[in-house]
Amino acid sequence: MATVHLIEYEEASPEVRAVYDDIRATRQSDFINNFWKALAHSPEQLKRTWEAVKVVMAPGALGALTKELIYIAISAANSCDYCIHSHTASARAKGMSETQYAELLAVIAMAHQTNGLATAMKVPVDPEFLVGGEGRGSLT
Amino acid sequence: MATVHLIEYEEASPEVRAVYDDIRATRQSDFINNFWKALAHSPEQLKRTWEAVKVVMAPGALGALTKELIYIAISAANSCDYCIHSHTASARAKGMSETQYAELLAVIAMAHQTNGLATAMKVPVDPEFLVGGEGRGSLT
Amino acid sequence: MATVHLIEYEEASPEVRAVYDDIRATRQSDFINNFWKALAHSPEQLKRTWEAVKVVMAPGALGALTKELIYIAISAANSCDYCIHSHTASARAKGMSETQYAELLAVIAMAHQTNGLATAMKVPVDPEFLVGGEGRGSLT
Amino acid sequence: MATVHLIEYEEASPEVRAVYDDIRATRQSDFINNFWKALAHSPEQLKRTWEAVKVVMAPGALGALTKELIYIAISAANSCDYCIHSHTASARAKGMSETQYAELLAVIAMAHQTNGLATAMKVPVDPEFLVGGEGRGSLT
Amino acid sequence: MATVHLIEYEEASPEVRAVYDDIRATRQSDFINNFWKALAHSPEQLKRTWEAVKVVMAPGALGALTKELIYIAISAANSCDYCIHSHTASARAKGMSETQYAELLAVIAMAHQTNGLATAMKVPVDPEFLVGGEGRGSLT
Amino acid sequence: MATVHLIEYEEASPEVRAVYDDIRATRQSDFINNFWKALAHSPEQLKRTWEAVKVVMAPGALGALTKELIYIAISAANSCDYCIHSHTASARAKGMSETQYAELLAVIAMAHQTNGLATAMKVPVDPEFLVGGEGRGSLT
């Protein structure tokens, strides 16, 4: 249960309805997910966050699916249950195959493992990795 | 400074040298980065981790660069300084453009922001996002 | 479901009852929340933690509500579901308005966003921010 | 060392200079801190983030200093070195006394401690803490 | 609810069944826990992870129970609900007494508390703690 | 550099000196590490934290070295650089062998890996793991 009441379209103020309308138009669907209904207590923050999401998640130099995969990975690292579920659903809706999902999970597992090791041993950064160094790639 | 001495090739045991040799052959470079030199105190774990990295980070249903971007994002979420630097260098070596990097950073910023909000408000997961639900995508 | 049985007043040992009695007297309410019932398996830790909470959360140079807002923010960053709910309830009981809550959420969102960015880019700390530097403030 | 070159005013594009100028005007100081110089590689994200910071961190139902204290607490929970230093400097510049800082640190210590305990024991949320429950406050 | 269907023995492929059979033989029990049923979508990762778990969690220079206590502590720090429950059950099955559990929780609380403090104050590492320094112990 | 000046014995107040004296007597060494010198700005918190550390880290149902290993693991999960270094030094001073350290690192790597996977897939907790269930152990 949320710490706030979820604001439905019918009870929303005009500013909130305007954002909900834009969410529906952008997605071409009536569905408004709970995140926005919770955030609607602050119409300014609702609008600002939604406007930013539209800009950031639009396809650009990175594809829309790649952006969703990155979002899932961060949400798992931050233990955000809601975001894990919403962005996994979103990635599937954008065409993520089960093989792609399995590879994403494998990278998640590998990164957490080496993050834990490198942090526990406080491994010093190789000068080659720094900007202005030789810029060699790593396999972790 | 690391919590362990970094083991150089010259002082390494034969099992460790065998892994170092494979790292060099795989990368087609003499460079062995500090992460492996620290892990070399445990030759079994060194070999197991390196073997897994080769499998996981190889191009597959996801491209090699996409995997690096996911790795950077997780490493930032886990505050792993070493991994942030090594995988940012690696992504650049694999062709990440500055525009792609800027978009990665924008997704990192957006995901952390909505992770914080969804967790703080304990937003309940929409049934549509669950497996067996309607599977609708989200814009967060 | 907890990893331990929750110890109710009726079944508690005298040392545990003494802490429960002090919780009730301090709060002027019969309510003992689950956190203490779980911690009661270790009467020493129960007593030590409760005594510290009373000292730390009492109004001082920071007001009691300000302390609750800080507690909510940390609990969200650490993904502690229990603590998010208990301290959001507590902040409301201490008079947090819905506008204050909306502003708290906005700061949570902003801090997570810039934390993610500054960590991902490993931004070096400006000398002006260090003790003994010029001590200039920042807008992040 | 950052993963990106820090963009100084002299080498900045007109859009970036416009943001830098607004930062200087808002702060009534020439000082531009490194966070913005790193973010300037993406003028759109620089402008969007700066505009949001100005809105979010302005005094409102919560005071400017209270917002800084919350920011420090989140930055510590997220291990963001840069943000810890920049917002501690900022809080001092906004008048944080050493006694207030000591109390902030005590709340940080207490919240981390009980976050760890409540999460490790998976303490179930009391119904009284939920919206629509009795809304009783807690001392953690 | 998981983001993936849980694969039961009856519907599993031969490679997956081979791992399930080994799990059952190793544990001398028919019980396959959900973690493996979720991971079974990637037979390669299932096998690799299981093989590693057997090596890592076997008694060695550290006892099997000590390894479980460390696993619980990390899982709590990472807010992994599943892992907290599975490894607390496992530690109990390996003989963890309630007194040992209480002491584990006390260390968890203390470490989180001092982690929060040392990070918030950015305490510099004493040279004595570094490899090649005097190597003196600490009480935190 | 710390966010606070480190208070040396010579400039400390009598209450702070009393704690420093007890630290020296308990350790049978003149060495006072930086953590306490930073915390000394709040004599009450210094004393309370030190008193708790003595109780919690003393050998009991868990040995002193086991407690240090758990502390290291949590500190790595929380990315606390200071605590990683101080407790790794402390574990070595208490007799941790390099083989024990290698096994600790292997458990850290394994736990982070499965934490990431279980969280990303939101694996539901098996009823057998809950208190009052059958209590079967797990290999993760």
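We call the chains A, B, C, D, E and F, going by the order they appear; numbering starts again at 1 in every chain.
Heads up, the rule we're going with is that a contact is a pair of C-beta atoms (placed from the backbone, for glycine too) under 8 Å apart; a residue touches a chain by one contact, two chains touch by 3 or more.
Keep in mind it's a predicted model, so treat the numbers as computed, not measured.
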Shared interface partners, meaning chains that touch chain E and chain F:
A, B, C, D
Starting at chain D, figure out the least number of steps needed to reach chain F through touching chains.
1
Whole-Å gap between the CA centroids of chain C and chain F:
20
Roughly how many whole angstrom separate the Cα centroids of chain A and chain C?
27
Geometric centre distance via CA averages, chain F-chain A, whole Å
33
Find every residue in chain C that makes contact with two or more other chains and list them.
1-4, 39, 49, 52, 55, 73-74, 76-81, 84-85, 88, 102, 105-106, 108-117, 119-122, 130
Testing understanding: with touching defined as stated, what is the shape of the graph linking the protein chains, line, ring, star, complete or other?
complete
Chain D partner, complex, touching residues on chain B are 79, 84-85, 88, 98, 101-102, 105-106, 109, 116
How about chain E: which of its residues touch chain A in the complex?
3-4, 39, 41-42, 45, 49, 74, 78-80
Any idea which chain D residues touch chain A in the complex?
1-5, 44, 48, 52, 55, 130-132
As the complex stands, chain E meets chain D at residues 72-73, 76-77, 79, 81, 84-85, 105, 108-117, 119-122
Of chain E, residues touching chain F in the complex:
1-4, 23, 26-27, 29, 31, 33-35, 38-39, 49-50, 52-57, 60-62, 66-67, 69-71, 73-83, 85-94, 97, 99-100, 102-104, 106-115, 117-126, 128-130, 133, 135-140
